[in-house]
Amino acid sequence: MDVALAITWLRAAAEAVTADADELTRLDSAIGDGDHGVNMRRGFTAVTAVLDATEFTGVGDVFVRAGTALISKVGGAAGPLYGSAFRAFGKTLPAGPEVGLADLVTALHAGLDAVTRLGGAAPGDKTLVDAYRPALTAFEEAVAGGAALAEAAAGAARAAGDGARATISMTARKGRASYLGDRSAGHQDPGATSTWLIFQALADVTAP
Amino acid sequence: MDVALAITWLRAAAEAVTADADELTRLDSAIGDGDHGVNMRRGFTAVTAVLDATEFTGVGDVFVRAGTALISKVGGAAGPLYGSAFRAFGKTLPAGPEVGLADLVTALHAGLDAVTRLGGAAPGDKTLVDAYRPALTAFEEAVAGGAALAEAAAGAARAAGDGARATISMTARKGRASYLGDRSAGHQDPGATSTWLIFQALADVTAP
Amino acid sequence: MKKFINDPADVVAEALAGLAAAHPGLRVNAGEQYVARADAPRPGKVALVSGGGSGHEPLHGGFVGAGMLDAACPGEVFTSPVPDQILAATKAVDGGAGVVHIVKNYTGDVMNFQLAAELAADEGLSVETVLVDDDVAVENSTWTAGRRGTGATLLVEKIAGALAEEGGKLGEVAAIGREVNAASGSFAYALTAGTTPAAGRPGFDLPDDEIEAGVGIHGEPGRRREKLRPARELVRSALDAILDARPLTRGDRALVLVNGLGGTPLIELYLVFGEVAAVLAERGVEISRNLVGNYVTSLDMAGLSITLTKATDEMIRLWDAPVNTPGLRWGA
Amino acid sequence: MKKFINDPADVVAEALAGLAAAHPGLRVNAGEQYVARADAPRPGKVALVSGGGSGHEPLHGGFVGAGMLDAACPGEVFTSPVPDQILAATKAVDGGAGVVHIVKNYTGDVMNFQLAAELAADEGLSVETVLVDDDVAVENSTWTAGRRGTGATLLVEKIAGALAEEGGKLGEVAAIGREVNAASGSFAYALTAGTTPAAGRPGFDLPDDEIEAGVGIHGEPGRRREKLRPARELVRSALDAILDARPLTRGDRALVLVNGLGGTPLIELYLVFGEVAAVLAERGVEISRNLVGNYVTSLDMAGLSITLTKATDEMIRLWDAPVNTPGLRWGA
């Protein structure tokens, strides 16, 4: 992945969360406070502005700056979680204008660790972790099996989608949805859904 | 009219406004504040309590006490208007356990005068005057023509009903409905409707 | 209808019981149905009595206390009080210096207060009546019921109350009340109707993109139905209507009340106040004092009213005087 | 959606402009999006900073002023503020004696305040955090997000604010805040959902005879849906839930807050307070102080919360201390 692809990915992610903002908000209305779509759109609009305004020399830097923008503009649970994830992801990548598949695997781990450290969610808690973790596993296994980026990204996106859908039956134990107790079951988690959109964006921009 | 008939009339009026309280409130919701039915029911419940608790020796006294109860319990525009009307009506009747038709005509005039003095409404202003006045005229003319009470009362009730219905097309110039300007047209006046109920009650209890 | 009540018939009495439990500085007479200052009557002080239908809280019971009302008479919901209770309250708080009745201009309120004032006069009390009729949405005419009393009631009660507290005479207290009323204009919008406990359903239905312009505080429809517009435009229209009736020109000072009708969140009221301030700044009118919140309400109606009062030094001085009531408190 | 707004995206900024115009005693920093006392920083005084999503007004911006908060950071509607604005506010009001962050226990609020506190520490400021988690409707567990911060936030801000105003040290101010929180329990009901400007429709739909029990202040559904019952019964259930989690026994004293969620009229809140007072009287619990009104709201949600705090002499003394903010004022 080079700087241009990193930027292309984030722009595609921005488009995706903007296009689906109403749907994300609808999901968040059912089990949360109805702001996830607005939050993500605001955050990724800020990310886009940073991408527009900055000359990047390193891939990692693209994600660090994007993460910082998310922390500064999103608020709520999603801001610190996504922001820290992108920052950790970017900081873990080696310096320079291009990074390899193995670097991406390591960085994805760092991103998930940041989410877990900050939010303490385990798999099954009905959070974005339930999309992120299977996506990471699929990506890592694909890379281990010799897949190229496009193929690994496609697998990750599929796994994220499956993970997001799997949150429907879960009872939330973290975030606002946990206040609903059993009533959170039957609804798809908004954060898991936006995570899926971000992985899907990578699959889309790398698709042959 | 003797004391017993006076009491019977007021009890019938109480039943009528209680039975139609929701309808009166609905009319008042359209062009007022939606309390006329509740007000009239509360007031006539108090009237009934006074009738239950008091031994009357004079006809006039029945109406004076009823009017006082209305003033004390109704509030709003209807309380003072109906209360003063009944008080003036009762005070104008000659003392004693029985009054004649001519006495009733004079007393009805006194009642209307009280309403006009207090409220200043003219015919056509879309108030209870628009039922009261034609009822009084019909009653007076019937009596002049030699009719008995039952017939005069039936004519008054019919005229009150026509008068109440005629308020539909009027634009209110008094009371709350006047705040609506032109928008008050197209709705029947609640007070005119309750006046009709009271005259109808007299027709009902005197009907042969 | 969904409300936190028991039997609709008991709402007023039970809310008064709650008011009494909450505020030891008030004396609630449940039998006669009035709320008085616990320390009334205060010998030599002109007493202020107001009242009206319930459903406008904190008006009037929430404005009883030092520096404002001596007593309030709550009627049934949206129904003016009866003469008996007004008379009882008047007698209870009369300190020998006379009593001012502050009456919102509604047929029912006017007649019931008038009957009470006559009865009080019969008993040798001096009563002056101040009629409040600030709502410019109603065209004024001697041939109609005239303008309604709305938001300006709060200003009249506060300013006249302050003068009474510092020893103003009966005529002076009534005069400043009338002066405040004459200097005030109000205009209100409703987004939804309120629901009275007795009627059990909203007074009117509105499509999701329409509002009522020129409403009062009794759930009645307004002068006209309009399309919802941005707050900025609604404020301009309202201020045009007010300033047409009560001109304020460059260099004038105003007291401004942006008042919620019960169901509108404070964040919207502040946004609207910002718009009012912008328009008045354009016109060179200085906002001397302001109040933003739910003060003269109409149950759970989503809506708001704007009141402008052309201020004098004396009004501002009396506005700033200490007040200590459940609904308005400063300097105490 | 019908609201008095312009563009939904501008609601928070425009409401802040209105707040600034209305209250000269506040300094609103529009760029960094925080509200501070005009006289901040006060050298040697521990500063209190709170914040959270907008839509809960007067919380928090309306509680900035002498005797309460030094600064508030409003986020977007129902969205916690971001670290940058919390950091900016913290630095703006630090008077050298340290800053207490009062944080309602929501994942987003906790994380954003935590990031801000770390950044502030990096710059050499001393920050203590008081977490408010009084909502007993949420079962507490280290395996969930824990209890929500709701009505008790007002009591924590008032009481800790008073101690800071009279010279309490950083640790003492944080300690009393935590003590008030630990002594408090809240429970809320919603009759209708609120509508955020951004979502444009209510967070949930309820049939005309059902309510949500155990709701928070962000328009989310509650723990369970129930049939509407008389206020008397709802109050008993709520108090049972609170007293289960935060026992008050015969002879104990309580601070009581009956708090409207934005769309419920004051007349109902007083009626409910009357019911609360009756139940506590039965149980031999004395109500030392009370507050009835809209203080910690959820936009236009029709609903209310009840908060009980087991009171100490010190808490009562600090409750009574002067406070001068747009939303709460006495003794000043």
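The letters A, B, C and D name the chains in turn, as written, and every chain counts its residues from 1.
The definition used in the following text is that a contact is a pair of C-beta atoms (placed from the backbone, for glycine too) under 8 Å apart; a residue touches a chain by one contact, two chains touch by 3 or more.
Since the structure is predicted, the reported quantities are computational estimates derived from the model, not experimental observations.
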item: Fewest hops from chain A to chain C - one hop per pair of touching chains; value: 2
item: Chains touching both chain A and chain D; value: none
item: Most distant chain from chain B, judged by the mean position of its C-alpha atoms; value: A
item: Between chain B and chain C, centroid-to-centroid distance (C-alpha), Å; value: 32
item: Intercentroid distance (Cα basis), chain D paired with chain C, Å; value: 29
item: Separation of mean Cα positions, chain D and chain B [Å, integer]; value: 54
item: Interchain centroid distance [CA atoms averaged], chain A/chain B, Å; value: 74
item: Of all residues in chain C, the ones touching two or more other chains; value: 77
item: For chain A, residues that touch 2 or more chains besides their own; value: none
item: Chain contact topology (line, ring, star, complete or other); value: line
item: Touching chain combinations (by label order); value: A-D, B-C, C-D
item: Residue numbers on chain A that touch chain D, as the complex places them; value: 25, 29-35, 38-39, 42, 71-81, 118-119, 173-176, 178-181, 183
item: Residue numbers on chain D that touch chain A, as the complex places them; value: 53, 75-84, 106-108, 111-112, 114-115, 137-139, 143-145, 148, 196, 198-199, 203-204, 216, 218-224
item: Chain C-touching residues of chain D, taken from the complex the two chains share; value: 1-7, 11-12, 14-22, 54-55, 57-58, 62, 77, 189, 191-192, 194, 206, 208-209, 211, 228, 230-232, 234, 262-275, 277, 287, 290, 292, 294, 297, 299-300, 302, 304, 326, 329-332
